[in-house]
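Listed next: structures, encoded as C-alpha cells.
What follows is a pair of complexes built around chain A, which joins chain B in one and chain C in the other.
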Partner chain A sequence: MKKLSDFFATGWVQGAIPPVLLVLLVAIVEIGSPGFLTGETLGLLLGNTAVLFILATGVTFVILIGGIDLSIQAVASLASVILAQLLPSIGALAFPVAIGAGLIFGILSGIVHVRLRVPSFVATLATGGVVAGMALWFAQGRAITIEEGGRLSTTWINGAVAGVPVVAILAAIVGIISFMVLRYTRFGRYSLAVGAGEPAALAAGVNVDRTKIIAFAISGTLAAIAGVILAARLSSGSPSLANQLLLPAIAAVIVGGTAITGGLGGVARTAVGALIISIVRIGMTFIGVNIFAENVVFGAVLIIAVAITIDRSKIPVIK
Partner chain B sequence: MLSVNGISKSFMGVKALKHVSLEIRPNEVIGLIGENGAGKSTLMRTLAGTLQPDSGTITLDGELLRLRSTRDAAVHGIGMVFQEQSLLLNMSVAENIYLGQEHQFTRLGIVNWKAMRRAAKRQLGKIGVDIDVTTRTSELTFAARQMVELAKALTLEESVSRPLVILLDEPTSVLNASDIDVLFERIRSLKKRASFVFVSHRLDEVLRISDRVYTMKDGEVVAEHPASQVTGPELHEIMVGRGLQTEYYKEPRQMAPGPEVILEANGLSVKGAFHRVDFKIHAGEIVGIAGVVGSGREEITRTLGGFLPQTEGSLKIRGESVRFTSPEQAVRKSIGYVPRERRLEGLVMFLSIAENITLADLSCVMKNGKINYGMERKLATDWIRKLRIKAPGPDIACRKLSGGNQQKVVLARWMTAGSRVLILDHPTRGLDVGAKEEVYELVRELSAQGIAILLLSDTLEETIGLSHRVLVMRDGEVTARFDAAAGNKPDQVDLVREMV
Partner chain C sequence: MPGAARGRCMAGSGTFPLPAFQPGCGVYLLTINSETMKPVTNLERTSAMDAVFARFFRGEGARRLRTFAPLIVLVVLCVLITIANPNFIELRNLIRVANSAAVPLTLAMGMTFIILMGSIDLSVEGALSVAAMVLVLLATNDANGNDYGWLAVVAAIAASTAMGLLNGIIQTVLRIPSFMATLGIWFIGLGLSVFMLGGSAIRLMDNSIRSLALERFLGLPLAVWVATAAFLLAIVIQYHTRLGRHILAIGGGEDVAELSGVNIQRVRITAFGVAGFFFGIAGVLAAAQLGQSNAVIADGRLFAAVTAVVVGGTALTGGEGGVLNTLVGVLIVTVLANGMVLLGISPYVQQTVQGLMIIAAVALSLDRLRLKIVK
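Presenting the complex of A and B:
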C-alpha cells in the first residue's frame, strides 16, 4: 500500500490517471452499448453533469486553499427555494436574489472560518445547517412547484443551442471563467500558495484571510447557481433538492486529481472528475444498481481516491 | 558502559553526524557542548531511539543495541528529558509520569489510579520534590515541569536492572539561576544510581556539573576533556574552531553604511517579550542582535515582520510611523522577512521557483490584469543565473532544492519585491559551509546596494563577522551595543558577558 501510494503521489501520474480513467470508462460504455454516447444521450449526460460540475467547481476553490465546504448542498437547495418562491412575484429578478443568497452565505462561512478561527469543516457544517433550516422554514418544509407563469423565465435553461443543452453551455462558461481566475489572477495564485503552504504565503505578504473568504464566496455563489439550474430543470424548488449532491461533488473534485490537502489541482481536473462520476452513475443504472445505493458507491470512491492520492508528507497527524 | 562507535547520520544530503564516538561510564556526568547545528541534538535523539544512524553502532557493556524507538531505549535504561518538554499539559502529574506505562496499574482493563498516584509520589520523592501528583501539568512552572520530566525518566529504574543513562537536552535553557542550582543538586545526588549526559551551550554550567566534556563541531566530536582540566574560554575556542576569519565573512567587502536612516525603533516594546528597545538601521547597514533564547530578539523580528504588533513605542520606516498587524502590511512597507523556519515560512515548498519568487509582488509579471507566464519564467530564469541557483529550471518545485538554493530563492523574492529592509532570522541555519559562504556574499551585496539589514544568527562569529553594529539583548532589554566596523570587530567574550 505504501509503495502504491508513493507511485500515485508522483506528480505526473496523479495528473494522468483521471483522464485515462475517463477514457477507459467511456470505452467500456461504448463497448457495452455501442452508440450510447452520441446525440441525445450524450446531451443528456452533459446536462446531468452540468449541475454536479458547477457545484464541484465551487468546492474546488475551497479545497485548493486547504479547506472544505460542506454547506454547498444546503446553499443549492436554499437557492432553489428562493427561486421558486420569488419567481411568481418578481419574475427574472429571482435569479440574482437566489444567487446573491449563495454569495452571502459563502462569505459568511468564510468569515466564520477566518475571523473566528473555526476549522472550515465545522464552520461550513454549521452554516450549512443554518442554511438548510432557513430553506425548510421558507418553504414550510414542502417542495414548491414553479407554476406556469414562473416557467416563462426558466424554460430557456432547459433548451438547447445547436443541439447542445443550455445547462452544458452554462457549465462550460462557469468552467472557463473559473479556470481563467485560477490561472491568471492574483487570487488564483494566492489560493495555490495558501493551500500549499499557508505560513509561507502569510510571511510573503499574501492576504491569507481575504483569499480564503473569496474562495468560500465563490463556492457559495456557484452552489446557488447549481441550485437555480436544478430548480429550473425540475420546475420546482425544495429544501432537500440538492441533498444527495455533496458527496458526489466532493468525490468529483478528488477523483479529478485535486489534492484534498490543498495547493494542487484545478477546474480542468474537476471537469474530468465530474464526467467520471456521471458516467459511473449512468453505468450503475445500466447494470441495475439501485438508484438509492448511488452514494454507497460514491462514498467508497471518495475514500479510495483520497487514500491512494493523499500526500502524507504534508500532514504529520491525520485527525 | 554505553558506547557510541563511529555513528554517522545525514539529512537530505547534509551530514549531521560524522563518525561520532563517545563513552558514557557508570555514575558519570558527561557534558556535551557545541554550537547550534553542531550535531548535539541529533546525537541525543539517536541515543534516545527517535533517530536511527546511517552507520556506526551503539553498544551497552559490549552488547549491540538497536534503538528503533524511545521504547527500545527505555528497555535498556536510556531515558531522555526533552528540550521541548514532552509532558502533556492537559494531564495530571501522575498521569504524565506513567504515560504509556499504565499497564502496571491496570487490572481487567481498569486503571488503579490510586496506586498510580502513590507510585508517582514515590518517583518525585526520589528527587526530593514535593508536588501534588494530581495537579494539572499546565499549572506547574517550567522548573517544576522539568523535575516531573526527570522523575518520569527515573521510572525506568523499576523496570531496568542496570544503572540508567539519562539524557538532558538543554535542561537549563528555561530555568533561572536558583532553579539551576536545585537541578544540579539533584543530578549530583542521583549520580550514585545513574549516568547523565548534559547538553548545553552555557559553558560555565557544563563545567560545573560535568566530569568529562565532549565538544562537538560540524557534526564531529573534536575534543574530550576532564572537566577539571579545561576552562570555559578554552572550550569556546575549540567549539568555534577557528579564530575570526575575516575572509569567510567577506569582511574586506564591508562598506560604510549610507547616511539615510531606513528603519528606526524608539522605545519599541511587546508586552512579555521585549521592552523599550531603541535602534536605527541606515541604508546599507547590517545590525546584528545577539542574545540567548528568551532574550526577546526573536520577537523583535516577528514585530518587524508584521506577526506581532508592538504594544508600545514607535517604529519608523524612512520617517513614516508604522505599526503592522499583518505581514502583508510589512511587505507593503518594503520589509522582507527571511524566517528561520525556511521550509515552513520561507518558501511554499510545493510551488515552483518562479511562483515563489513572484509571490510577494505579482505586479511585476502582470500584463493587462493577467499573470504573464512568459514574463514570470524569464524573471525567474534571470535570478537563477544571477544568484547561481542550482536548479534545472524555473518550474522546479522548491522542495527539490538544497537549503542554500532555497535561501537564494527567498532572497530573490525580496529583491523582486524591492524590499528596502531585510530581516534575516538565522539565514544560514542548516546550510553547509560552502552554502553559508554564498549567503554571506549575497548579504554583503545587498548591503552594498543600500538595503538595511537586521541579522539574527546562530553563532556569535557570524553576527560579528557580518554586522556593522551589534546589539546584545538579555531578558527583553538591550544590555550593550558594540561597533563592529571592518577591522574593529568586538570580541565574542565581551558579547557573551552581556548575554548571560
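Presenting the complex of A and C:
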C-alpha cells in the first residue's frame, strides 16, 4: 500500500496517468462500438464536453490556489435564468449582463473568502446559496423558455463551423486563453505560487489576497459563460439547470491530475479530465448503466482521484 | 488548523527554509513534529490590527457576549416578527414552527459533532435520501410488496449510519479532507437513492410510521418528540460520554489530542457514524412528513443544517460551541423562515437569506488569531 502510494506520488507518473487513461477509454469504446472515432461522433463528444470543460476550467483556477468553489452550479443556473429572462427585451446585450453577473458573484465569493477569512468551501457554499435563491426569485421558481424572438441571438451557438460545433470552438477559445493566462501572466505564476505554499508566496511579496480574488472572479465568469451556453443549447433557463454539473466539473479537474491541495496542475490537465468524464458518461449510457446511477460512479471516481493526487505533506492535520 | 499553543510564532506549512533563530520570536518552541512546526517570524499577518481585534473580541465580557449572541438574536427576531405580525405568537403557529424544526434539528445534531471536530459533512443530503429511500422501499408502499413495519425504520437508520462510517473511514484511511470525502459520498448516496426509486416518487403507506407526522402527543406531532429525543441524546453524547469530550479535544487541537492519547482515527470514524445515525432519523422523519420519498426530498437540507450549526455559534474551526448552540441556531433559521412567510416575503429568497446568515455568522465567530492561512 505504502509503495503503491509512493508510486502514484511520483511526479511524472501522476502527470501521465490521465492521458493514458483517456487513450485507454477511447480504445475501449472504439473496440466496443467501431466507428466512434469518426468525425461526426467526435464532434458530438466535443460538443457535449464543452460546457463541462468551461465549468471545470473555472474551478481549476480556484483549486490551483488551494481553494474550492462550490457555487459554480448556482452561478451557471443564475446566468441561464438572466439570459432567458432578458433576451426578449434587450437582445444580445443579455449575454454580457449574464456573464457580468457571474463575474460579480465570483468576486463576491473571493471577497467573502479572503477579507472575512471564511474557508472557501463554506464561503462558496454560502454564496452559492445566495445565488441559487436569487435565481429562484428571478425565475419565480420555474423554467423559462427562450421564445422564438430570443432564439435569433442563440442559434449561432448551436451551429457548426466546418463540422466542428461552435460550442466546442468556444470551449477551445476559453481553454487556450486560460492556458495562456496561467502560463504567461504574472497572475498565473502567482496562483501556482500561492497554491504551492502560501506563506512562501506571502514572504516573496505576492499579493495573495488579490490573486485569490481574481481566481474566484475567473471561476464565476467561466461558470456564467457555461450557464449561458447551456441555456442557449437547451433554449431555456432554469434555477436548477446546472445542478447536476458541480460534481462532474470538480471530478474533471481532479481526474485530470490537478491536486486538490493546489499548486500543481493546469488547464490542459482539466481538458483531459473533462474528456475522460465525458467518455465515461457516454460509455455508461452505452453499457446501459442507469442514468441515475451515474452520480454513484462519479462520486467514487472523485474520491479515488483525490486520494491519488492529494499532496499529504501539505496538510499537517487532515480535517 | 494549527493549535493555539503555537500562537504568534506559528509555522506555516514548513516548505521553505528558515534561519534557526528569529528576532521577534525569541522563544524556541518545543516542537513536537519538526516537519510542520518550525517557528516563523512575523511573516504572518499577526499585526496590530489583529491584536486590537483580539482585545475587542476576545475579552472576558465580549466572550460572554459572543456566547449569548445567538440567543439574543433569536429573542430579538421573535419580538420583531411578533410586532410585524401578531399571528406569529399564536399557539397554532408555534406548533407549526416546532414541526418544521424537527427535521433540521435532528440533522443539525449530527452535523454539530462533525463541525466540532473542525471537519464538515457535505453528505447530509445523500444520507438523508438514502434513509428515506430504504424506509419507503421496505415499509408498506405503492411500488413493491414489502411490509417490514418498524424494521424498515431500523434498516433506514442503519443504512445512513453505515454511510457515515464510510465517510469516516474514507477520510481517515485514505487521508483526504472530509469535505472531499463527503462530497463524493453525497453524490453516491443521492445517485443510489434516485436509482433505487427509479426516478419517481414512491408513497409510504405504513400507517404506524406515518403517524410520526400525523399523530400528536400533548399537542405536538410525534416527529417533534422524536427530534427532542434526538436532541437529548446529542446532549448526553456531548457532555456525558468520552466520545463527546474526545470530539471537542480533536476540534481544539488534533495534535495535542493525539499526544494526550486520543485515538483520533476511531473517534473520527465514530463521530461520522453518529452523524449518519442522526441523518438517518431525520430521513425517517422527512419521509413520514412527506408521505413519500422522491428525488428532491433532501434538497436544501445541507444548507439548512450548516446554517443552523454556524448561526448557533459553533466555530467552523472546531472545538468551540456545541449541541445547545445548535438548538438556538435551528430555532433562528426556522423562526426566520416562518416569519418571512408570515410577512409575505417570497419563499424563494429564503436560501439567499440563509446564505447571507452563514457568511455573517462565520465572519463574526471566527477566531482570527488561530487562523493564519484560510483555504
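The rule is short, and it goes like this: the second predicted complex is superposed on the first by the 319 of 319 C-alpha atoms of A that agree within 3 Å, B and C clash if a C-alpha of one lies under 4 Å from a C-alpha of the other, contacts with A are read in each partner's own complex, and residues count from 1 in each chain.
We take it that contacts are C-beta pairs under 8 Å (C-beta built on N, C-alpha and C of every residue); 3 or more make two chains touch, one makes a residue touch a chain.
What you see is a predicted model; the values in this text were computed from it and never measured.
**Student:** Just checking: does A:173 make contact with chain B only, chain C only, both, or neither of them? Give me first, second, both or neither.
**Tutor:** neither
**Student:** Classify the contacts of A:205 with the two partner chains as first (chain B alone), second (chain C alone), both, or neither.
**Tutor:** Only chain B; A:205 stays clear of chain C.
**Student:** Which partner does A:260 contact after superposing on A: first (chain B), second (chain C), both, neither?
**Tutor:** A:260: touches chain C, not chain B.
**Student:** Let me test your reading of the model: by the given contact rule, A:16 touches which partner, first (chain B), second (chain C), both or neither?
**Tutor:** neither
**Student:** Does chain C touch more residues of chain A than chain B does, or is it the other way round?
**Tutor:** C
**Student:** Kindly classify A:184 by the partners it touches after superposition: chain B alone (first), chain C alone (second), both, or neither?
**Tutor:** Only chain B; A:184 stays clear of chain C.
**Student:** So, does A:197 touch the first partner chain B, the second partner chain C, both, or neither?
**Tutor:** both
**Student:** Identify the overlap between the chain B-contacting and the chain C-contacting residues of chain A.
**Tutor:** 196-197, 199-200, 202-203, 314
**Student:** Give every residue of chain A touching chain C within the complex, in rising order.
**Tutor:** 66-68, 112-114, 116-123, 125-134, 136-137, 140-141, 196-200, 202-203, 247, 250, 260, 262, 290, 292-300, 302-303, 306-307, 310, 312-319
**Student:** Tell me, which parts of chain A touch chain B in their complex?
**Tutor:** Against chain B, the touching part of chain A is residues 183-186, 188-189, 192-193, 196-197, 199-207, 263-264, 314.
**Student:** For a test of understanding, state which residues of chain B touch chain A in their complex under the given definition.
**Tutor:** Interface residues on chain B, with respect to chain A: 305, 326-328, 330-332, 337, 339, 341, 344-351, 355-356, 359-360, 362, 366, 369-371, 413, 417.
**Student:** Quick check on the complex: what are the chain C residues that touch chain A?
**Tutor:** Residues 1-2, 12-13, 15-16, 33, 35-36, 40, 43-45, 117-120, 170-172, 174-181, 183-188, 190-192, 194-195, 198-199, 254-255, 302-303, 306, 310, 316, 318, 346, 348-356, 358-359, 362-363, 366, 368, 371-375.
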